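Reviewing the structure listed below.
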Amino acid sequence: MSAEEPTVADEVRTTIDVDTDRPWAWLGLAVFWGWLLVRWVNDFLLPASVAVPGDQSFFPAAPFASAAESLAGTAASLGVVGVPLDFVAGLLSFVAGAIPSFPALARGAWLTIVLTVAGIALGFPIAVVLSVARVYGGRGLRWLSLSYTELIRGTPLLAQLFVLYFGLPLTQIVREIPGVGSGFIPGTAALVAILGFTINSAAYQAEYIRSALESVDAGQLTAARSIGLSKREGIRYVVLPQGLRYAIPGWSNELVYLIKYSSLAAFITVRELFFQAESIANDTFQYTELYVLAGLFYIALVVSASVLMGVVEDRTAIPGLGGTR
Amino acid sequence: MLQAGDWAFVLDNLDYLLIGVGVTGTLTLAALAVGFLLGFPAGALEVYGDGLLARVVSTSGVLLRGTPIVVIMLVLFFVVSISQSAFVTAAVGLGLRSAAYQSQIFRGALQSVDEGQLEAARAIGMSRFEAIRHVVVPQALRRSMPGFQNEFTIVLKDTSIAFAIGLAELLTRGYDLFTQSGRSTAVLEVFLVISAIYFVLTFTTNRGLDWLADYYAIPSGENR
Amino acid sequence: MTLLRVENVDKSYGDEEVLNGVSFEMDRGDVDVLMGPSGSGKSTMLRCINRLTDVDSGDIWLDDTDVTAPETDVNALRQDVGMVFQDFNLFAHLTALENITLGLKRVRGIPESEARDTAMDHLDQVGLAAQADSYPAELSGGQQQRVGIARALAMEPKLMLFDEPTSALDPELVGEVVDVMADLAAGGMTMLVVSHEMGFAQSAADDIHFLDNGRIVESGPPEQLFERPEHDRTEAFLTGLQSGEHR
């Protein structure tokens, strides 16, 4: 190995840096989340008598469709001058076509968020153990930790999901657990997917945390020990608090990554956002509407995550410590 | 769960899988090449350019980095329909995604070269373009190596997502192997072998790129 | 004969007036030193002369070239004005020799072998012929600065600007750089030096200009400034310099 492994902390921030001075950005996000939350409450919490039916969008499609038609008609009669009108007509027709799929996509988005948050949250404690073992452990522990991270990071996530879902009899075991699939608890396939994301995310988070821990000056632990703290206490009270702050950019990367790659769960039958888009598109042949809409959903989620991580970074910032923003 | 007969089955069909390695490898290199050819100018534009073109480039980058690769591939295949060939579509899709990320790698590297280097170059009479070309870029390219190594591995693994458009690369072949042959008990063996092959691929390319980086590295002294 | 004419130069950064009506002249072969507290505008003055910074108003003439005129070819101008930086700014990816040949080949269009010979001569002139193939990171600060001087000299400038050339050096390395500068001065090069090195100012300078808050408070030969300064500010600064207050 070369003297200095390319550490992920050296990586350029690849999250989406949104120009948050732009009011329309905030407005767009607010509308998105507002609608999403209302939809979820409607579908999951409200009793059937009060709620809007699960397959019916809040918004009527007909007005958009008819507006599109009339605009297109006007555009055609105007000839070349009417080109911008035609463009607007196309947009309106796009919206009209997309509206009926909103409810299903909202439900898919819920699962996407569950998969992502669960994957990262469950992977975190494993990652801390792995990184501490790697930085402070003896030869055996270091080797074990290294093997785990190298193996997981060296193989595709999709292959890992396939191993878990098709290769191992996990589905048979998980299915039998009481409560699976009812109410808020995700179904079998989703749980297997969460397991896969946890294992995967743990490896990547371990790398981010490891390089963050190594960025903490060695003198910090020395000073901690010189006032009588044990090595474990020194790591816990002095090194980790600093190291975890250095790891925030890495977490932002991981959060954005998992939001996008949760789409792979569709290949093991999880009905998340991408699955919903694909199945509707295959039924209605509205490939353009559905895939563009799916893309927009993902971008909204990614931008929201970046904004959130930005807030976290600002709140936890200590002068002179890290701060790559 | 793991049976000797199933391993034998995989071994018998190893040549079928290894052709998949060829497809995976070629796809990776093609995508990285597209990514570099588009990404490097994009990164330079973001650093040194201003005006409409720079903003268009920067926004496209944001969109490409915020969309899952599987959606990009399906849009290119079904919506834009740039090609009947799954290979070309996958190469373009992966290439565009890679370009969006490589532009950030190069942007960071270009920005990390000290201002003073550019000033010194201009102070001896070089034009801005010459100064960037002969002094900043050579240093920036070297600083991009760690990011580029990382990107290489990511693209290599993402080729597996061409599964979604039916490209017969490594993972798809594995999937076909156990579904079509009716040998469904061999599932685990097949995917373990495939994972092992991917691991060997990523491991060797990482070491190879490490060696390359050392070869082109600028010597750093101890008496600074 | 007059090589450099600076007339009434003003420069502000936002609300801060960095240069205020600065005027002075230099003849060919003169060695002038700019001294003053930090923030007095000395470095900015140098950078205005080779157009790394643009003046707000005023004129600068190098020989018969109007430096400040918009239509002046900046790149051609910079071949006539050499600059040595406080942080050396050697091209980190090139050897000492290549640092010099880059300008010779790309800016002056000299073919490779001739460029190498010329570069070696200049390296020899600053005493670093043996380090031709070393990279900047492998050289000491003093060695890097001497390469920086050689790099600027290789362009055969009419005027050499030195922006605090020894401020970033460890004390024991200052001497080797000052020696090179003294040799250069003795050889007849026109030099404008921003520095706190009093030894060099006293022995090599023809004129010292004391800058404070963007204005030249006093100008004169070293004997005048150091022994019989006309202004209190000048005296206060130089006394402080002697006692090591200013860095």
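By letter and in written order, the chains are A, B and C; residue numbering begins at 1 in each of them.
Here is the rule we use: a contact is a pair of C-beta atoms (placed from the backbone, for glycine too) under 8 Å apart; a residue touches a chain by one contact, two chains touch by 3 or more.
Please read all numbers here as calculations on a predicted model, not as lab measurements.
Student: Average the CA atoms of each chain to get its centre, and name the chain whose centre is farthest from that of chain C.
Tutor: A
Student: Find me the chain with the mean Cα position closest to the mean of all the protein Cα atoms on display.
Tutor: Chain closest to the assembly's C-alpha mean: B.
Student: Which whole number of Å gives the spacing of the CA centres of chain A and chain C?
Tutor: It comes to 55 Å between the two C-alpha centres.
Student: Could you state the distance in Å from the CA-based centre of chain B to that of chain C?
Tutor: Whole-Å distance between the two chain centres: 47.
Student: Roughly how many whole angstrom separate the Cα centroids of chain A and chain B?
Tutor: The answer is 21 Å.
Student: Taking the complex as given, what residues does chain C use to touch chain B?
Tutor: 50, 52, 75-79, 81-83, 85, 87, 89-93, 102-103, 106-107, 134-135, 137-140, 148, 151-152, 155
Student: Can you check the complex and tell me which residues of chain A touch chain B?
Tutor: 1-2, 6-8, 10-14, 16, 150-151, 153-160, 162-163, 166-169, 256, 260-261, 263-264, 266-267, 274, 277-278, 281, 287-288, 291-292, 294-295, 298-299, 302-303
Student: Which residues of chain B touch chain C in their complex?
Tutor: Those residues of chain B that touch chain C are 114, 116-117, 119-127, 130, 134-135, 138-139, 142, 218-221, 223-224.
Student: Mind listing the chain B positions that touch chain A in their complex?
Tutor: 1, 62-63, 65-72, 74-75, 78-79, 101, 104-105, 107-109, 145-147, 149-150, 153, 157-158, 160-161, 163-164, 171, 174-175, 178, 187-188, 190-192, 194-195, 198-199, 202-203, 207, 210-211, 213-214
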